[in-house]
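In what follows, a structure is listed as structure tokens, so that the remarks can point back to it.
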Amino acid sequence: GPWTPEATVEYPEAVRQLHREFLRAGANVLQSFTFYASDDKLENRGNYVADKFSGQKINEAACNIAKEVSKEGDALVAGGVSQTPSYLSNKSESEVKAIFRKQLDVFIKKEVDFLIAEYFEHVEEAVWAVEILKESGLPVAVTLCIGPEGDMHGILPGECAVRLVNAGASIVGVNCHFDPATCLKTIKLMKEGLAAAKLKAHLMSQPIAFHTPDCGKQGFIDLPEFPFALEPRILTRWDVHRYAREAYNLGIRYIGGCCGFEPYHIRAIAEELAPERGFLPCASEKHGSWGSDLSMHTKPWVRARARKEYWENVLPASGRPYCPSLSKPDDWGVTKGDLIQQKEATTEQQLKELFKKQAFKFKPVS
Amino acid sequence: GPWTPEATVEYPEAVRQLHREFLRAGANVLQSFTFYASDDKLENRGNYVADKFSGQKINEAACNIAKEVSKEGDALVAGGVSQTPSYLSNKSESEVKAIFRKQLDVFIKKEVDFLIAEYFEHVEEAVWAVEILKESGLPVAVTLCIGPEGDMHGILPGECAVRLVNAGASIVGVNCHFDPATCLKTIKLMKEGLAAAKLKAHLMSQPIAFHTPDCGKQGFIDLPEFPFALEPRILTRWDVHRYAREAYNLGIRYIGGCCGFEPYHIRAIAEELAPERGFLPCASEKHGSWGSDLSMHTKPWVRARARKEYWENVLPASGRPYCPSLSKPDDWGVTKGDLIQQKEATTEQQLKELFKKQAFKFKPVS
Amino acid sequence: GPWTPEATVEYPEAVRQLHREFLRAGANVLQSFTFYASDDKLENRGNYVADKFSGQKINEAACNIAKEVSKEGDALVAGGVSQTPSYLSNKSESEVKAIFRKQLDVFIKKEVDFLIAEYFEHVEEAVWAVEILKESGLPVAVTLCIGPEGDMHGILPGECAVRLVNAGASIVGVNCHFDPATCLKTIKLMKEGLAAAKLKAHLMSQPIAFHTPDCGKQGFIDLPEFPFALEPRILTRWDVHRYAREAYNLGIRYIGGCCGFEPYHIRAIAEELAPERGFLPCASEKHGSWGSDLSMHTKPWVRARARKEYWENVLPASGRPYCPSLSKPDDWGVTKGDLIQQKEATTEQQLKELFKKQAFKFKPVS
Amino acid sequence: GPWTPEATVEYPEAVRQLHREFLRAGANVLQSFTFYASDDKLENRGNYVADKFSGQKINEAACNIAKEVSKEGDALVAGGVSQTPSYLSNKSESEVKAIFRKQLDVFIKKEVDFLIAEYFEHVEEAVWAVEILKESGLPVAVTLCIGPEGDMHGILPGECAVRLVNAGASIVGVNCHFDPATCLKTIKLMKEGLAAAKLKAHLMSQPIAFHTPDCGKQGFIDLPEFPFALEPRILTRWDVHRYAREAYNLGIRYIGGCCGFEPYHIRAIAEELAPERGFLPCASEKHGSWGSDLSMHTKPWVRARARKEYWENVLPASGRPYCPSLSKPDDWGVTKGDLIQQKEATTEQQLKELFKKQAFKFKPVS
């Protein structure tokens, strides 16, 4: 949560380079670097930033950078809002909407091309966001971070999609929390829901770049490896090729990624869909599709890997024989109440108690 | 091999940002971006670059960027040379040395602080490189990409270290090809060899950021996952903490990384050794050591992960139950001869023949 | 299929010892060794046995042995019938029932205590079997080899159970094809179906002794490891302890096992349920529960394993780092037609064609 | 240790059937069921047996059964002795030899065909055993339970073999503790040692039927799965085919198995070496080599498994995605002293203390 949005004012050069690398990888959309950049989030959970910079300043800087880099290629700029602490602390609809409106004012002033409302665990809040964003007259895309089981109140994907389109969204889908396979399942349910309701909308998909066949309803957050030991789960570019193709075949036309996606993952989408798009991204100038450049490697057995047939079928080893291949999601049954509401860091005493319950969760050094 | 060094002239901003992020992560040395930037390598294997830029121009640009970024913090700049195609094609000692001298001239002109000769599979060529570099009067570091079994001619690590120190190196060690555990084994043998010979030198370690307990004499190049499906093997920051501590305990004082190391891996070295160095890197300003900032997460079971005890013991799952945990290194017994000498890409016909031998290497889609 | 029932006439001593070891392990029921001993099965698929012995002789010998061994302890003897080739080749109800009646005559003559109809993929045939068996006036138990998805015609477990109880079965459940966890899921559905229909019956469970989380609708038959490479999937005695406890808690009172269960697995059921049964099986005389006898081992770290807490939590390694932890079920979409009907062995030519389709199913030697 | 040898007097029928099944599987040798049947072992570690039966009675019964069953086929009978508690408790050479002599007297009286001294961790004791056994004038085979690192005093396999042949053994090799691959490595070293010493002897191999690539110097005893969770490591019959072929190619002519080997594993040896032996074992009458009988299965994809090519290449899954593929051997550094000497069971108090040290060895329920 804390400590990312202010990068737009503290390290603009880094954010600029980040946008640039995704643009070169084939991205058609540069999304303003404003995730969790609402005022209520900025002052939340020990983030000192709000004292130094206003949310307005941070959001404006984000738009400036995205607009500037977009001119280096052919990309649209989208302004983005996301789930708010205000909603999670049961603030009123008008209070929550006020938060979104404040960010929207910046996006309008900065003339973004369209708007994205993303990462909502509750469809209700997403609907509120859409209702505000559409006031701008700009196209609105909206994604929930839910799986096939639906949102935190058990509202199923199909129904969620219907509510969002009725609220005014022209693009609906999912982002974050789950791997590509799971996200595509969820979007399929959204598509069926829209069809049943005779509604039309574009579909959008932004999974995480980690394999999570073992996660539960709340996605990768509950996996024991979250957030600092997810490396063995990272998608290969070939996993992304498969994802891009399956997403396209499902009728999804806004195909991207969320946590863990690096420029080379986005490039894999662009390379897989080059036939449909009619061109390769400029970052492919020095990256032969399906490893074709390996044909110049010195070793014959590496040269033999210069082919789709090889990479499509490789079963990559983890190099970790003392680790399992799946994990049990962590979840102590505590999902609301003081512990979750409190804004301060958990005390040592609280940690001790929580830890006691879970002594067995600690495993031997591998 | 092809297509990296020219980034210094084609995308200087990207290289600058890369240096900057390693500097902020705690690096004390910025190494000029000149790997495989010798003239003979640049014109090799279909790299069109040599036509556009001279090696000199590329090496100079690399030095300029490193020097410039080093001023943003407290870091030394090192000029780097590496294994040459000339040596592998059995060119004479004087021809090979001429290659190194050409790069050295640039480093001297650009006033680097010291020199690194790295990634040598044959100690003989490394000795030649050291002999040239030391002419500058600057300190010389040298690393071989070998394992405990020694170099390509079977010369053992201890003997290699002795030859390199006798040639004039003041820092010796290994880089690339193997994971931290294997590299430390090799360096331990180098250390014992030097002690037996009553020689003194600093030790240096730059492993790859992939777990490779299953690789053979030539390291990760021969693993079926090389180079495009190594993700499941990537080190976590906690693996790097352990590596940094063990390297330090072994007496190594030049502790870094090679392929796969990202700034956050280098930061993990800096955080583990903060007690010894007396400070944290600036990139730690927003990264609590051992996940301490998770104490502000909303979920109690994620908060309980805000502790060394947790991350030290976690056994990360791959999320890939259809994949093995180890692979058999690929190696068709072809290690010299035309196939390896040829500079052109392997023909479809050659690939077909190589492929025939390996039908069984192809595995089912997971 | 072929080549087991005749053991009762060819190697009676071996069958006797087998019964004896299960009896000593704690079995309350000795089931006559008559699986696939119907006349139509005996003459099927190249089994020469039918030429030498009549089905009657084989079934009588089976009863004699079971009765004889049962007197060595306190066990009931059950006569068993199972799925017939006649049904699978679309013979009429009367023809199929005639097959069952022929076996039943033997069981009545030999005065078994009750009857079991087991291993039916189609509930319709199971109903026919129950209708015949109940004519004897003896209690009838019936089990299907189905999973939560239901029988081969898609009839769900709850409905299957209802039909079987209505047909006259006093014990219903599942056997074979799936591991304990899957079987318990299926029986839970049967239990709910019976409750909804206000029907009463005892529940029975006989899973295989292999972990099969990855199998499809037809169970372990389709796994690539079936039938000759299932070893890594074999249940430990501790897996069986957990199974027995969960089965008991679900209300199942006829708790056993199918393929892969050895006497020590059955003993684990008897040891787990000793508190409920009030005694330990005689085979436990030399087997301390939960490894307690390890307290006399010479090594302290092995002694520390003399406790439930240890074995309950051990995560056993496969010792096979080059193998995956899950497999994709094999299934070429051919489920009916000549290939399945033909009684003769598949020809080399047929095998070649089948094999061609599956080239990629063949994996490298580990 | 405790509670096996007395089976010869308590359950002769079970032992008879066991011998019979191995004989039918192709065994050429029936070894008397006298492992750990020396008087000092029988009275050791809470084994009440010594009170009921003398060692002599147990050893005689063992010989009677083996001789009797051997007449059902074509097999030799061997009398076996093994490592004694007397040696481990530092008794004198004459005391230890007296133990062996007592068993030898029985073997001579019962007219066994030859003698085996097996399962010695210390070559010194094995030499003593050979010296006694050879007094009988019968051929003597001897096996150590050591790995490539040698015996408990670090005496290497080559040297061990030389001492044993010089002591009078005509067959030398290894048994128990390690998997086939490791045992063959050790025997290769023995073979080289004998060749260097210009000595001649037959080679013998009896590995365990568990994959143990991860075990340490003391073999599978130290693995966390020992002895009650080894199932996932069990060899398939195909693993045994490979073992038999490699053993034969290494020049070994006494090829068998130890813990975990079941009759079907021994049959796999006999089937693999049928070309050399010139016949198949009678148990193969109903077991087609390399799964050939699957050609009569109803499912085409199972029929396609009726071939060597399939089973040779299958990589069997464990069905346990929450388990690792390798384990760290347990070893708390306590290898001698009171804890190991004491004959009584470890007290709860001792267990508690041992357990405390190892809290982290306990892993979460999978």
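List of remarks:
Which chain is which? They are A, B, C and D, in the order written, and residues in each are numbered from 1.
Here, a contact is a pair of C-beta atoms (placed from the backbone, for glycine too) under 8 Å apart; a residue touches a chain by one contact, two chains touch by 3 or more.
From a predicted model like this one, the values you see are computed outputs, not experimental measurements.
Note on connectivity: the fewest chain-to-chain touch steps from chain B to chain D number 1. Annotation: A-D is the more contact-rich of the chain pairs A-D and A-C, by number of C-beta pairs in contact. On a Cα centroid basis, the chain most remote from chain A in this structure is D.
Computed from the mean C-alpha positions, the centre of chain A lies at a distance of 32 Å from the centre of chain B. A separation of 56 Å divides the Cα centre of chain A from that of chain D. The distance from the centre of chain A to the centre of chain C, each centre being the mean of the chain's C-alpha atoms, comes to 47 Å. Within chain B, contacts with two or more other chains are made by residues 214, 313, 315, 321-327, 360, 362-366. For chain C in complex with chain B, the residues that touch the partner chain are 214, 321-328, 359-366.
For chain B in complex with chain A, the touching residues are 1-3, 13-14, 17, 20-21, 45-46, 88, 179, 210-214, 221-238, 286, 291, 293-307, 309-327, 330-332, 334, 339-340, 344-346, 350-351, 354-355, 358, 362-366. Listed in rising order, the residues of chain B touching chain D in the complex are 313, 315, 321, 324-326, 360.
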